[in-house]
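Okay, got some structures for you below.
Both complexes below contain chain A, partnered by chain B and then by chain C.
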Partner chain A sequence: MSAATSTPKNAANATGTLERRRVPVRRRLQRGSAPWLLLAPGLVTLAVLLLWPLVRVLNLSIQDYRLRNLIRGDSNYTGLTNYREILSDPFLWGTVLPNTVGFAIVCVVLTMVVGIVVALFLNSLGTWWRSICTTAIMVAWAVPAITGTYVFVWLFDPLNGLVASTLDQLGIMEAGSWNWFANRWAFYAIATANVVYHGFPFIAVTVLAGLGTVPKELYEAAALDGAGPLSRFRSVTIPGIRPILAVCIILSTIWDFKVFTQIYLMPGGNGTNRDVMNLGVWSYSESFAQGLYGRGSAIAVLLTLLLLVISVIYMRSLMKEDEL
Partner chain B sequence: MISRRGVLSAGAAGSAALGLAACSGGSGGSDPTDTEANADKTITLWIMQGTNAKTDEYVDAITKAFKDKTGATLKVEVQPWDGAHDKFVTAMSGGTGPDVAEVGTTWVPEFADAGGLDPLTKDVDEAGIGDGLVQGLVDAGTLDDELYGMPWYAGVRSILADRKILEDAGVTEQPGSWDDLLSMIETLKEKNPDIIPFPVAGGSIFAGMPFVWGAGGDIASESGGTWKATINSTESVEGITWYTDLALKHDASTAAASSWLETDSLAAFQQGKVAMFITGSWVPATIKADDEELFKRLVAFTIPAKDKAVAPSFLGGSLLCRFTETEEPELAFELIKLMSTGEFATQWAKDTNYFPGEQKALDQVVADGDDLTKVFAQQMTEGGTTVPVTPAWGQIEGKKTLSTLFSDVLGGTKPQQAADAAATEMDKIFGG
Partner chain C sequence: MSTAPADRTAPAGPVGPAPTAAERTAQRAAIRRRSPRRIVTAAGKAVGVVLVLVFSLFPFYWMLSTAVDPNPLGRGASWLPTGFTLKNFRFVLVDAGFLDYVKNSAIVALGTVLISGAIALLAAVAVARFRFRLRTQVLILVLLVQMVPLEALVIPLFLQARNLHLLNSMLGLIIVYLAFSLPFAIWNLRGFVAAVPKELEEAAYVDGANWLRMFRSILFPLVAPGLVATSVFSFITAWNEFIFALTFMQDSSKYTVGVGLRSFFTQNTANWGAVMAASTIIALPVVIFFVLVQRNLASGLTQGAVKG
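== the complex of A and B ==
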């Protein structure tokens, strides 16, 4: 492709600008439009699925848009009031944002570490055992978030759960004497376990695929030079799979920032326990539970902006060289 | 998600407008009993899933009766409660809604105010079915002197207990006051330290509210068209304090219960870990289906007020509403009439263990019912009450203001402080 496109360009340069002007407009249009025509189905689909909703959310976020507006189909523009109210709300800065950001950081780090360790482990196995183990962890990934969350809620049920009754039998604490769902830190510890458990298989399998692309000779060469396992990992493996790690980190960050189901379905997570609210639940609570669609949209826009900023920073720091 | 809703509404609003324009000529003045003219008309009805174990039989019977009476076809769609609110909202904005639907009492003012429901006052008066309705349900469905939903069925909460556990401890009397209830709980705890005498479920607001009401407090009060929160009044806070102290000071509950919903209390009760708890009049039927033995041991008490045996308790239920976008308002009302009065109303109540919305049918159900039914019926007729009837309630319910209040107090916040916070939040919502 690159050879084909560069040839006429070089030819044009060689024979001067006059030559280039002689290409008929129609042919140039045809040539120019062909890629766009081929891209059109994809672009139209993307526009319908992503762009139009994005425009609608932006549009809603500058309105005081409630159930009655939705039903009557009228609009009610209020400028930046929603943004002003949200950004001046101490609840955002004191509870929602720290919960969202802190939880995401912990989850991304843990998911990446566990994912990479599991990938290295899988990589060291023979084909047979690797397939069995990969299948096993893929099951964890395939479990829907709702089901997985209920399993964790049951495990940690303060009265009857496996964890409580085990601790009870060990004589550490009496079952039902402490409600960890009511405590912000314990609540998020359980949510973290749930999210990491659900998130690491994807990372592990993706990194495993990446490990296969690192040339074996590099390891041999490094070993000959006297590099131990740790420095081989740091100097050979990491640079070899850096683009894949970057994609994994960006994806997990996005997933862990907008986590909703895993919080909403835990006891008190639906807005009853305000201490544990995150941006996703807050946006849902405002827009769907309370019918303040404008406000909920504004929160969603802020969440998107936050993710954009983080993604850009990642891209710049992780993709310094032309790796992608 | 928000955006998807936006697209749906934008696209569907257009089609709804077209639909209305196309059909406006046909409606108005049509005779709902003209079976020939109605032969090719269809009415869509939404009812909620899980209320009636014999839903299929009921649907067959009502479809046939409606066809016989009006000639029109009835299409019944059974909707799950999960996400029902969202579904109604989408349907109302998109013009894809039913002609008639069962709507939970606390949602009616919100939907009516938003313009999704049709007033029924005139039709009800003309049909002469407006008298003898259960007042609590009428109140819940009335906004600005217009009735937006015909009472269909109702339920109320009282105390349900396991007679065996109570007899072992020697406490089987109906408590006549808070003091009686407390001494009952203390005896239960003393005789059987392993049992949870009376769980205080933080996420079950209608288990807590009878104590606020029973102390003379309330959620909010209206004067001159404006609502103001009274959840932080001296009486309300006294009720909140007394109720939560059962857990915090008297060891009546378990720490786990501070994030329990009513269903969690029920589960613990069915496992035999709980002696008595506050639950709905529809629950004995559920227990019967799961555990016949436990059902036989059930005994009910009215929730006591501070100094009498019956405290106000939330009377919830469903109203039958006609949606504004219906093309056949007369047929739609005919269906509402058929379902909410006479034989079909009584049948529904019997099948579901709810109380009918018509006083006459209610009296019949109580007369035929067992001891449990009589206790719940007493709570309903003497103490049935409702939440503030204002469109703002939907938002307060959505924001979980009251659940937050109860679970915060159970988590250690001072009752007055938590109540003040709840009041501030509510006043802000009342103010728009």
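== the complex of A and C ==
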């Protein structure tokens, strides 16, 4: 009973007497400091590891911070010079931003479409086949980004890979005659296949779970009203799984905007081929290959702001659902 | 209409070779809703199943079959390996010292799992069980921090770790990985905690248990499956992480598996047999873990998404 005897004190000076009185024990627990004590380790860790570095990256982004500053431990504030240079760089507008935004949009759309189609298909299967397919999809989900990327690089190896060999055998293209990784469009087509392959299982499994929560009476009512399969999908399924779709779109948008590993590990993706750089790789290579930590930080800030804007837009639509 | 689907869909028929038809029909009758079913013929479904299986499994199959191929570069367009050998695995584990990287990764991943599991469980209980001021704000914060891009933090965290002499250290990597496994772990566990009936907790209080006692005897055992699923996810996050491992671990004896994998590439060529053997070693535990906890994880995700 030690907790019960210590909580009234906290309850008294916490939220006051406005709350409804139902179960006394629970009420006392619901007020005091208990939740904050439980939250403290998590919040402190997140503050130290996420919020403080965010402050630090903002601070670095307004400095010309290089290796020598790192060694000497001094600072070198230059105001908004980094941002001015980056935002006036045609490389940002012509290469990096299209690579980041265009790629993310294509990936999100394809991932959602494939994921939803697979989920609807799985939902129509019997238990046995559904669990077999779900397990197979789980394998696709589980394959780590690192190894998955290498498998795709190997599949598309210009000289010995399966795709080049198959095209060679069909007489379409001689193996080794064209290095697709050197071409921006081919590079991103392969990256898209890789990211969609890796991302669709999450959507499929989550949407499948969501489909199970739509009351079947709604479908029956719609069918009685003469709704065909397509309009049932539009008027019953989509509204029924809207909150889940919103979560799926938010998460895959965020994931696809900050894709790093899948690009970095492809041939030329680590910054050696500037045509295929995205924001993440650009920031990384400016910092760790060029030693321009300030400039790299400014790019990182821009990426974060981009994500923040998207997140806020989506969060607002999610909050309307009152799901939290 | 309400009884029709079960009858109507039974003849929708066998998809591929069935174990026993009667058993399957019984299982199918147990499924309640199946509206898209009528428009999809049995043949279409069979094709669909094959497509899903091939699309999902082919890259994995290609990795495995290259790993056991004695001559992967001479394989050409053949879907089958040219032979069977384990020499790629022997080369990777014995000659190339990949086992050390596996050990490093395992230590880092287990450290992350234990610490983030403990912290996340406490936080999940707080947001799922207590109604307090700023609760919604805390939840939004947990969601928002998942949106912070890794790349944005690698520079400040690298500089910080360098100052604290945590580069080339397992502990440094474990601490950093907490940032990436915690928000998801809290979010996910919250669904599992919320699913435990409050009445059980109240019964414990009525029996005179204090909060700690109730936590130990009621909540923790019931949330344990969710904790396992969350731990697996944290393990996978840490095991798969690349960018921080690449930046922090500059001494090759401290490489994790992801960074160590790069050592099989030379300037322009790759030893694909070795790369795929090492990839198999990385991917296999993850795939097995993942498939084992799939149901828990999926239900946790949706609960996290739709329940409060």
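Methods note: the second predicted complex is superposed on the first by the 273 of 324 C-alpha atoms of A that agree within 3 Å, B and C clash if a C-alpha of one lies under 4 Å from a C-alpha of the other, contacts with A are read in each partner's own complex, and residues count from 1 in each chain.
Throughout what follows, a contact is a pair of C-beta atoms (placed from the backbone, for glycine too) under 8 Å apart; a residue touches a chain by one contact, two chains touch by 3 or more.
As the structure is a computational prediction, the values presented were derived from the model and not from experiment.
Annotation for the three-chain superposition on chain A: chain B and chain C clash.
Of the two partner chains placed by the overlay, chain B and chain C both lie in contact with A:70.
Contact with chain C, but none with chain B, is seen for A:247 once the two complexes are overlaid on the shared chain. Of the two partner chains placed around the shared chain by superposition, chain B and chain C are both touched by A:288. Residue contacts after overlaying the shared chain place A:34 against chain C, while chain B stays out of touching range.
For chain A, the partner with contacts to more residues, out of chain B and chain C, is C. When both complexes are overlaid on chain A, the residue A:56 reaches chain B and chain C alike. Of the two partner chains placed around the shared chain by superposition, neither chain B nor chain C is touched by A:93.
In the superposed model, A:206 makes contact with chain C only, not with chain B. In the superposition on chain A, A:45 makes contact with chain C only, while chain B stays out of contact range.
Once the two complexes are overlaid on the shared chain, A:127 sits against chain C while remaining clear of chain B.
Shared contact residues of chain A, touching chain B in one structure and chain C in the other: 52-54, 56-57, 60, 70, 157, 160, 283-284, 287-288, 293, 296-297, 300.
The touching residues of chain A, counted against chain B in their complex, run 52-54, 56-57, 59-60, 66-68, 70-73, 157-160, 176-179, 181-182, 267-268, 270-274, 283-285, 287-293, 296-297, 300. Note for the complex: chain B touches chain A at residues 1-7, 9-10, 13, 85-86, 89, 92-93, 110-111, 113-116, 202-203, 254-261, 268, 271, 273, 394-395, 398-400, 403-404, 407, 410-411. Within the complex formed with chain A, the chain C residues making contact are 1-2, 15-16, 18-19, 24, 27-28, 30-40, 45, 48-49, 52-53, 55-57, 59-60, 62-63, 66, 72-77, 118-120, 122-123, 125-127, 129-133, 135-136, 138-141, 143-160, 162, 175-176, 178-179, 182-183, 186, 198, 202, 205-206, 208, 210-212, 236, 239-240, 242-243, 247, 257-258, 261-262, 270, 272, 275-276, 279-280, 282-283, 286-287, 289-291, 294, 298-299, 301-302, 305-306, 308. Contacts from chain A toward chain C in the complex involve residues 1-4, 15, 23, 25-26, 29-31, 34-36, 38-39, 41-43, 45-46, 49-50, 52-54, 56-57, 60, 70, 118, 120-129, 132-148, 150-152, 154-155, 157, 160, 162, 165-166, 168-169, 197, 201, 205-206, 208-210, 213-214, 216, 219-220, 223-224, 229, 232-233, 243-244, 247, 251, 254, 257-258, 260-261, 264-265, 279-280, 283-284, 287-288, 293, 296-297, 300-301, 303-304, 307-308, 311, 315, 323-324.
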